[in-house]
Structures are given as structure tokens and as C-alpha cells.
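Here chain A shows up in two complexes: once beside chain B, once beside chain C.
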Partner chain A sequence: MTGGAATGRAPTGLSLRHRLAERGVDGQLLLLVPAMVFVIGLFVYPFLYGLGLSFQPTKGGGAFADYQRFFSDAFQRDTIWKTLKLSIPAALFNVLASVPIAYRMRGRFRGKRLVTTLLVIPITLGTVLTAEGLLNFLGPAGWFNRTLMSLGLVDQPIRLINNYWGVFFSLVITGFPFAFLLILSYLSGIDPSLERAAATLGADWRARFRRITLPLLAPGLATTFCLTFVLAFSVFPSAILVGDPTGTTRVISIAAYQAAYEQYDYPFASAIAMIMGAVELIVIGVVLLWRSRFYAGSTGGKG
Partner chain B sequence: MTTLNPTAPTTATGTRRRIVASPGGWLVWGAVVLFMVFLVGIVGSVLVNSFGTRWFGTWLPEGATTQWYSQAWTDFSLMSVIIVTLEVAAAVVVLSVLVGVPASYVLARRDFPGKKVVYLAFLLPIMMPPITYGIPLATVLYKFNLAGNITGVILANLVPCVPFVILTMTPFIEQIDPAIERAARMSGARTFAIFTRILAPLLVPGILASSILVLVRTVGMFELTFLTAGPDSSTLVVALFNSMNAAGIRAQQSVDAMAVIYMAVMMVLLVIALRFVNPTQLVAQVKEEPEP
Partner chain C sequence: MSTPTTFRELRLDGVGRSFGGQDALQGLDLTIRAGEFIALLGPSGCGKSTALNCLAGLLPLTAGSIWQDDKRVDTLPPERRGFGMVFQNYALFPHMTVRNNVAFGLQMRRLPKAEVTRRTEEAIRLVQLEEHVGKLPGQLSGGQQQRVAIARAVVLEPSLVLMDEPLSNLDAKLRLEMRTEIRRLHQSLGLTTVYVTHDQEEALSMADRLVVLRKGSVQQVGTPEELHNRPRNWHVADFMGFRNLLPATVAEVRDDHVVVAVGGLRLAATPMVPLSAGDEVVVGVRPEDLTVASGGVTGGGSPAYGSSTGSGTSTYAAEATIEARVEVVEYQGREVAVEARTPQGVRLHLRTAERLAPGDTVSLAVAPGALLAFARGDEALPSGAPVLGDASEPATSRDGVLATTGGEVS
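Moving on, here comes the complex of A and B:
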């Protein structure tokens, strides 16, 4: 197992090479280099550059001036709250709605692949197209309001676009299938014989779900919540298109975008991006901390 | 065993039938149907509007026409947009496979100091939302005059795609028997020969699957392309966003026609993708964290 045989034929180099090879370092690791260059050049360096830039405000006033500016301006500061108000309920809804549905569907049945394929469609289409569809479908003259009105449920079209609900719906349309498919794969990874054993001991389905399935599923739920939350937290196109981008759905990514591309204030934009990352990490950290209190061993199944 | 077997399936189907008939079951199926109705409504209203002549205050448009498609095709110069999209997607797929596969080989086969750090470095770009690192990335790319053109779009899209290839290929390589490589080495093959003659043929299915996933992600990737694209380097989804955001300049039907074209591209890709991967793979970027 000696790669890179072309280099270091000298006897002195050999011993070092030998010692390195024993620890698992040899020429083959060079295969990692292109990928590492990529990640460092296009991810780590820009990130650190942005971090450094955020401490060099264009208008001067000390290293933390841009952060102070963000938190002292209510228009900017409130974007954090608006983003969380949108993303946490949406992520919770997606996860909590997925659990019972996935629980029913975890077995084999005809058309399961069709259902999962249909659910992948909104994820594949993405938020921009979903926004376009929602504008047509939920708009005042759209099919949804028309149906409600002809059923006599409402007298006037309800306003569902260009406000909080438009963005919320777009987050559910793309986020729910995502959460559902993840939870379904976690659920099918739980060994069904565990539940059957509980059933022989006389547990009804409620007890089986609460005592067997839920504890085994909890780590998966936490991970799914994190991933769904991250998607919802960085909502950008739908907040502009179906939301109210100057008011109730002026989320933090819009604030960062405006700073960078409308005011050309890159240090301020970087500061907002860093704040965004930090808030996100705090929420994820809390969820993962909560998760670490659960059983984290094998779920016995194939997954 | 033989006496037990016939009873087991009947009880299993019996319970399942009972579950489906219960009110909870109806509720669950009701929710699924409601979601599907929304989905059909969203896709259908875009589709119908793009073929409609005048649609005001009725269930369906007054007549059908295809004029919006020809109008959208010329107004948004869709030909060049589609060519840019294909160029970007092809470049990202090829580069991310070329860079990613060798790295995933090392990660799958070797143990070396700092492996966990390397793994984490590849995991982070996937776990982070594009907008968060997209703004610093675009700033750096603009600083080196790389953004605002097709190069910047390709570079930005590679950031999540290279790690994605690595993370999907690593488990795939792990399940290839290393004895085959050892046998080749014994017969005198160098690493390069092993890659081209032994591994490459075995890796084709895995590379195909991850390429198609990268393709779907790149064509659908909005944020990174949006932040780095210039006027001549927008992909289809960014052009769609721009035309929607400039609402009122063009007829809504024309924008919808463009949306249908985008939708058709994505559906073709999805159909191709589903021949090679299962639906969950399109969603679950990382199945689990490396090691808890």
C-alpha cells in the first residue's frame, strides 16, 4: 500500500516516509488536495474574509460599529424576530404534521412510491416556482378563494398572499415533503419487532407509540427539525415574492441582501450574515442539546 | 415455522386494514389529499394561466393560446438563458465529480490523522444555508472579478456540490470490496491504473446517481446563482425570479409561460433522476451525522 512511489528514494527520506505511512500519511492522501483546496478557497476563506470584513465598518467607529448599528436600529433588529416567527412555526408544523402521516405510511402499501414521488415534486420545483403558483392559486381571484366563496364559507376573498401567510404556505409546500420523507426514512429504520413485542405484552397503539416509537424516533425528529428550520430560516425568494418584503416578512436574509446589493455596504452585509449564522446556530444548538438527553443507540432496523 | 407462517401475514394485513378504517387513518389520508390538492392547484394554475387568453373572474380562461410561449421566448431571450443553464450545470457536474470522487475514495478507504476535521469541512457547506455563506462568497468573488459572469456562477455552485458528491460517493466506495484493489496492486498496478481500470467501471452507477443529483440541485439552485450572476449569466430559475420581481412590466401569462418551461425542465430531470435514485435521496442530503 505505498502510493506516490515516484518521490523520496533517498534512504534518509525513506525512514520519515515510513514513519508517516505507518500513521496513515502517504502519497495517496494527495487525492484529497483538490477537494480541500476547493473547500478552503471557496468556503473557509470567504467565510473568514466576511468575518474579518464585518469588523471593518465602512463608516468607521470601532470594530463592532456594524453590529451595534444592526442591533440599535429597530428596522434591522426586528428582522431576527420576524425570521424566527416565520421559521420556527413552519418547521414545527412540518415536523409535527409529518409524524402521524409517516407513522401511518411506514408499512408497505400500493402506491407508496407514487406518493413519495409526488412529494418530491415541490422540493424539486423549488421556492421560486412555488411562489409563482401560490400567487395564482391563493390570490383573490384564484381557485382557492373561488372555491371557498362558492361553498359559501366566506363572503370576500381572504387575503393569503403578500403577507405572513403567503410565506408560511410556501414554507409548508416545500418544507413538509422534505420533513415527511426524512421522518419516513427514520421510521422505517426502527425495528418493527420491538413494537410487536410491546403488543404481546398488552400495550395498545398509544402506549406503543409513546413508549417505543417516539423515544427511538426523537433523535431523528431533532435532526429533521434542524434541517427544516435551516431551510425555513434562510427563506429568501418567497419572502420577496409572496410575502410583504418591506413589512411583516422582511426577513434577515432580505436585510443582508439589501445591505450588499442595494447599499453596497459589504462590511454591514457580512455582519448581518454573521448574525444570521449565529442565531441559526443558537437554535440548532438548543435543539441538539435537547436531543442529547435521549437514547442515541441503535434503533435495531436496517436504517 | 411452517405452521406459524400462514397466520403471521393474515394478522398483519388484518391490523393494517383496521388502522386504515379508523378515524385517525381518514384524517391522515385527508391531510395528504389536501396537500395534493394544493400541489395540483399550484402547478395547475400556472399551467392553465400560461395557455389562457384572458382570465378574469371565472374558473377558467376564456380561450386557449400559445402566444405567451413565443412572447416569453423572445422577451426573456430564453434560448440564451437555457444555454447558460446547461453550461453551468454541465460544468458543475463534471468539476464536482472530478474533484469529489478522488477525495471520497481517500475518505472511504483510509484512516489518517485529522480525518474528522476534513470530514467536518466537507459537511459544513451542505449544512449551512446558501444565503449565509453566499454573501461573503459573492463579496470575495466580486473582489477577484470572478462574479457577475458564468465563471462566478459555476464556482459558487461548486461549493455545495463538491461536498455533496463526496458525501454520496463515500458510502458507495466503502461497499466495494478492497480485495479487488489489493489484487490489482499485487499484479503491479499503480494508483492511477487502479482508478482508471478497476475502480472507474465499478463506480459508474454511483457517479451517475450523484451526477444526476448534482444536476437537479444546480438547475434548481436559486440563492447562490442569484448572488453571483450578472445580466448575461442568469440561469433559468434566476431569470424567472427576476421577471416575477419586476411584475407589471410583462404580462403575468408570459411569466407563467416561462415558469412552465422551467417546470418542464425540472420534471424531465426528475424523471431521469428517479430512474437512478430513490425519492428520499433527492431530499436527504446527509443521512446522518458522521459519528455521534
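Moving on, here comes the complex of A and C:
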């Protein structure tokens, strides 16, 4: 490593880098070390610590006792389904609703920036503010219900908060901007001349979308779905604020929270957190498996 | 392949397209006969791609109409016009194999599977890509991608094939090969073709007729020979290889030629428009039509048209040869391209087989009839760079220069 030191600074630096590069070592990557230490300290270590903790149940009974306890108790076990029932439809809705809007917005038009801003603003609000807004807007005495009633469409307020729908709306409001921005950028990465070529070959807009745009967009849709799904799966504040935290929206993160901060059973909470991670991994794995069936190379665009 | 569903003629009637008040294309009148190979020629920004996109239906017209025999087609969406198009970047579907790319158009027509397979294979054989049918476009070279794009467009046997600078992304050697190949395909399939290019050599060598565009309007329509020999104005001349374009004044009008004064010289020129004495004109001559009479020695039998041997007197005792000093020499194989400057500061380009060196003094002669005189108009002359379609110039009235011709063939 110091062999070239005698020949002067510049040649040494060159030859050292050269020799490292020949062994497949990029010296500049060493600059990542501080960040890696940070990541290991704040993420990998706690994760492994939690994993270890989940195998040391407070009440004894073997390494997997807490996992057994979770799956044998319907009250706990059902949180998985409740969370999936919220997060998969919400993520699907976000992705599917973003596609047509982003598709219409891929070109240039007057007011594009304004429309994009309006669609993306909810990202800045945060869950609590969104929940507050939903309570005011969709609550029994909120504008929405009052409008419906004054129009004579309903006799009594529709219940849209403190149940499944409240949490669902909240997940859509916070998740949609993410999905929309991601899909818009995937769509603008597809060369517009591909669709024009398809048009000159006799494809109407439906065929163009189905045969050209959709297959090229599919990997982007999968990625977007995964990201919004993960966001939705770890739903916590809105499940409590606009949901029904003891019944229909008792999501898995509430179960983990209760174990950790109401029962002070850290090993059990860790086990729930691990189960939560495993479920997410399974869903993402399934989606990525589906994604791998599609073409994933260049889409010709400049974006 | 079976006979394409064709037409007798396709008529563009005052076709125009403007973008936010700016005319990208105006008043394009053109009649394309079945089986013709038409080249739209012009520098970037001249409106040739706009014209092509209007034809394809990818851009709606803002003026005029397009007629296929008696059927109006400019109101149809691209998918219902039945024109094939080859894009500059090929626009191959990156997620489909070569076979599926070529078959796409046939599938869109809901043809029976057996026919789709048969015609796809035929088209792929036509462009000699049999070994690559299963590959994705990303695995092909530029020339191969180009061929897929052509096969994809011609497999439908379209009544019209539109090509948007299809060779501009290829290297020089491949470009020459593909040029021949496209011409061969055109001849064997008899497909009516509109070909957009900025390369005048490409256009001259491939097309039956050329349409020269500049700043969105037609400058001249004609056969390659007409354009090459008799450009209608100096913008066209500039584009047709008249590198020496000089401002001049008509000194005298003779029976079949005029005498012009150029930077202290008097030369005989062929008028391209009716001229009278005192007119401000632009004279142009190709580099290959300037010959080196002798290295620095004047006299002898000068070959220059209108040389003064004999008459000895008067207004027309034009200097037959032009003295100039060689400034730049570019080696070009058999010939050298030379930039020389006269004592009056006029810069001239010429090509010669003589081995000249910078600093040499040469006396130049103009080949007989090779110096053409055009009306000046009110636009600045090019200073070395081609002026056609220079977007920075204001599009002022140019009635004097640009007799906009439309579909007329001279």
C-alpha cells in the first residue's frame, strides 16, 4: 500500500488508486464509512437486538413462546388481517388512481405546476393534521354530512370516521401524493414517440395504453405499490385518531404499542414487530415476483 | 407481398401548422403521386418534421387540408390513416422482441394469426434480420434497429411511408448502406415515400422529387437535377452546395448573361431571375466550379466564361481570373478543399487536385456558366455558415427573394 511513496505524491495517489481498482476496491467508497456506522448503529443493531429480544419471552416457555402466543390469540392474530385489509386496498387505490391522472398529466400544459402542487400538498400535512381535518370534514356534524343532509340525500349522518373508512381516507390522503409523484416520473420516463409509433401502426388509445404504456409502466407500478403499501401497513396515528382502535382498525402497530407501553412486555412487542416485518416482506416479495415477469430495461425516455 | 392499398395521388392543400402564433409550416402545397419518393429537405427548424407529423396525423393542422384522391384524411386520427412511419429514434417497443415489434401493426388490424406470422416473417426476411427475431431492440445495433423500424412500417403495406431523418443516428458508413437499402426497398415494393432529411446529398441521391423548406415555407420543388442545377434562390443554392455566395451588383445585362461587379472584380453570371443593370444580387458558385488557372501566374487561355480575350476594352473587360491567397487547406483524398481570400477580402472556397499550401497565391477561374446570379432580397448573406433557416433572423417580407412556389414543378 505504501510502496509508491518514494516516487512523489501524485504518482503514488494514482498508482494506489489504480492498484485498489484492479482488486475491485473503490477507495472513494470509504467516504461512506461514517454513514454506514450510523446506519448500523441506528438500524441494524436495534433490529438485531429486537430480534434477539423476541426470542426471550418474559413468561418463559421457549424461544418461540411469544410467537405462539400471538398466533394462538385471535385478538392479536386478527390484527394482521385488519392491517392488510386497510393497507392493501389503500395502496392499490393510490396506485390505480394515480395512473390515469399521471397519464393525462405527462405532457406539457398550462397550469401543470399548479395541479401538481395541489395534488402533492397533502404530503406536507402530516397524519395528525389530516386526521383533524377528516374529523371536521367527515364527522357527523361536518360539512360533508351537513351538505348531504341539506340536499336531502340522507336522513342521518353517514358514519365515515372512527371506523374503517376514516383510516382508509387518511391513508389515501397521505399515500396518494407519493404514488402520484412516483408514477408521474415513471411515466415521463417512457419515450412519447413509442405511443406515436403505435398510433401510426393502427393502435387506438386503449391498445396503446394496454400494449405499450402499461407493460413499460408495470415495474414502476410494482415499486410504487410496495412503497405505499409499507407506508400504509405501519399506520398508527390515524388508526387511533380517525379509526376504531379497539375494534375494526386495531392494526398490528397498535398491538405492538400496547404490548410495549401498556403491558411493558418488550419481548412480546418485539415479536409483534418481527411478525409485522415478515408480513410486509411476504407482500413485497409477491409483488416483486409479479414484477419480474415484465420487461425492466430502458424505456427510451430521457427522464 | 400483396399490392398495397394505395391511392393515385395524395394532395396537400395549403397545409400549415403554427405553434402559439408562430408558423412552423405555412402554405405547403404538394401533390404526391403513387410510388413517388419525395424528400423534404431543409435545415433543422425549417418545418420539415412538422410537415411529416402533420401528414402522419400526430400533429393537427392549423391550416389547409390533406386529400387522398377524393377522401379528406387530415381529420382522421393517425391510427386510421394507414400511413407507416419510421421515426428518427426508431421508437421500437423496448419490451417486445423484433418479431413482436414487426407483428404489432398486423395484430392491431386483427388479421388471422397465420397471416400475421407469414407477413411478419416476410418483412423480417426483407430486411435480413432472420437471426434476430427473438431479440429485444436493446440487444441490436443501430443499423439493425433501423431495419426493424423499417420492417415494422412496411409490413402493413401502407399507402404512404413517412421517414423522419431515419439515418441521422447512424455512422457514415452505415448511413450509405442504409441509403441504398431504403432505395432498394422503395423500388422493389413501390411504396410511396416521404422522406425528411437535412442532408442534401442524401435527398439528391434518393428522391424522385425534392421539396426544399426554409422557415416553414416551400422554397422550391423539383427533381434532384433541377434543384442541383437551377436553384431558384440563393437560400436553395446555399443548401445545394453553392458555398461561395457573394453580394454583387449587376453592371451590365447581355443576351444570355449578366456582368456583375463583385468585390472589385467583374464576372459573367447566369441570371436565375430577370435582372437589370444596377440590381443588387447574390452570385453563387460551387467550390468544384472554381478552377485554379495557374499558381500565381495570370494570362494564357483562361477558361473563364466571358473572359476578355480579344475585346480588350470597355466595361466588359472583366478580369477573367481571380487572384487569391490560399489561407486554409483541407486534405480530402483525391482533392483538397481550399479557402482562399482575394486582395479585396472576398473569401472563396474551392476544390482542386493541385497540392496547394497556405500562403500560395493562385489565380482562379470560374467554370463557364457556373456562376449564378440571384436576387438579393433583404436578408443577410451567410458568412461561411449555411443561412437557410437561420432562426435568429427575423422573417421579414421576402417577396423579392422567395417566390413561394407550392406544388408547382418547374
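Assume the second predicted complex is superposed on the first by the 274 of 303 C-alpha atoms of A that agree within 3 Å, B and C clash if a C-alpha of one lies under 4 Å from a C-alpha of the other, contacts with A are read in each partner's own complex, and residues count from 1 in each chain.
Convention: a contact is a pair of C-beta atoms (placed from the backbone, for glycine too) under 8 Å apart; a residue touches a chain by one contact, two chains touch by 3 or more.
Please read all numbers here as calculations on a predicted model, not as lab measurements.
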item: Chain B versus chain C as contact partner of A:212, first or second or both or neither; value: second
item: Touching partner for A:241 - first (chain B), second (chain C), both, neither; value: first
item: Which superposed partner A:123 touches (first chain B, second chain C, both, neither); value: first
item: Partner with the higher number of touched chain A residues, chain C or chain B; value: B
item: Contacts of A:35 with chain B and chain C, given as first, second, both or neither; value: first
item: Contacts of A:201 with chain B and chain C, given as first, second, both or neither; value: second
item: Contacts of A:144 with chain B and chain C, given as first, second, both or neither; value: first
item: First, second, both or neither for A:88, with chain B first and chain C second; value: neither
item: Touched partner set for A:45, first chain B, second chain C, both or neither; value: first
item: Chain A residues within the chain B interface of the complex; value: 1, 3-5, 23-25, 27-29, 31-32, 34-36, 38-40, 42-47, 49-51, 53, 97, 100-101, 104-105, 107, 109, 113, 115-134, 136-137, 141-144, 146, 169, 173, 176-178, 181-182, 184-185, 223, 227, 230-231, 233-234, 236-237, 240-241, 253, 256-257, 260, 266, 269-270, 272-273, 276-277, 280, 296
item: Parts of chain C lying in touch with chain A, wherever the complex brings them together; value: 56-58, 77-85, 87, 89, 91-95, 104-105, 108-109, 136, 138, 152-153, 156, 162
item: Complex interface listing, chain A residues touching chain C; value: 191, 193-194, 196-204, 207, 211-212, 215-216, 294-295, 297-300
item: Chain A partner contacts - residues on chain B that touch it in the complex; value: 16, 19, 24-25, 27-29, 31-32, 35-36, 38-39, 41-46, 49, 55-57, 59, 98-100, 102-103, 105-107, 110-113, 118, 121-122, 124-125, 127-133, 135-141, 155-156, 158-159, 162-163, 166, 185, 190-191, 216, 220, 222-223, 226-227, 237, 240-241, 244-245, 255-256, 259, 262-263, 266-267, 269-270, 274, 278-280, 282-285, 287-289, 292
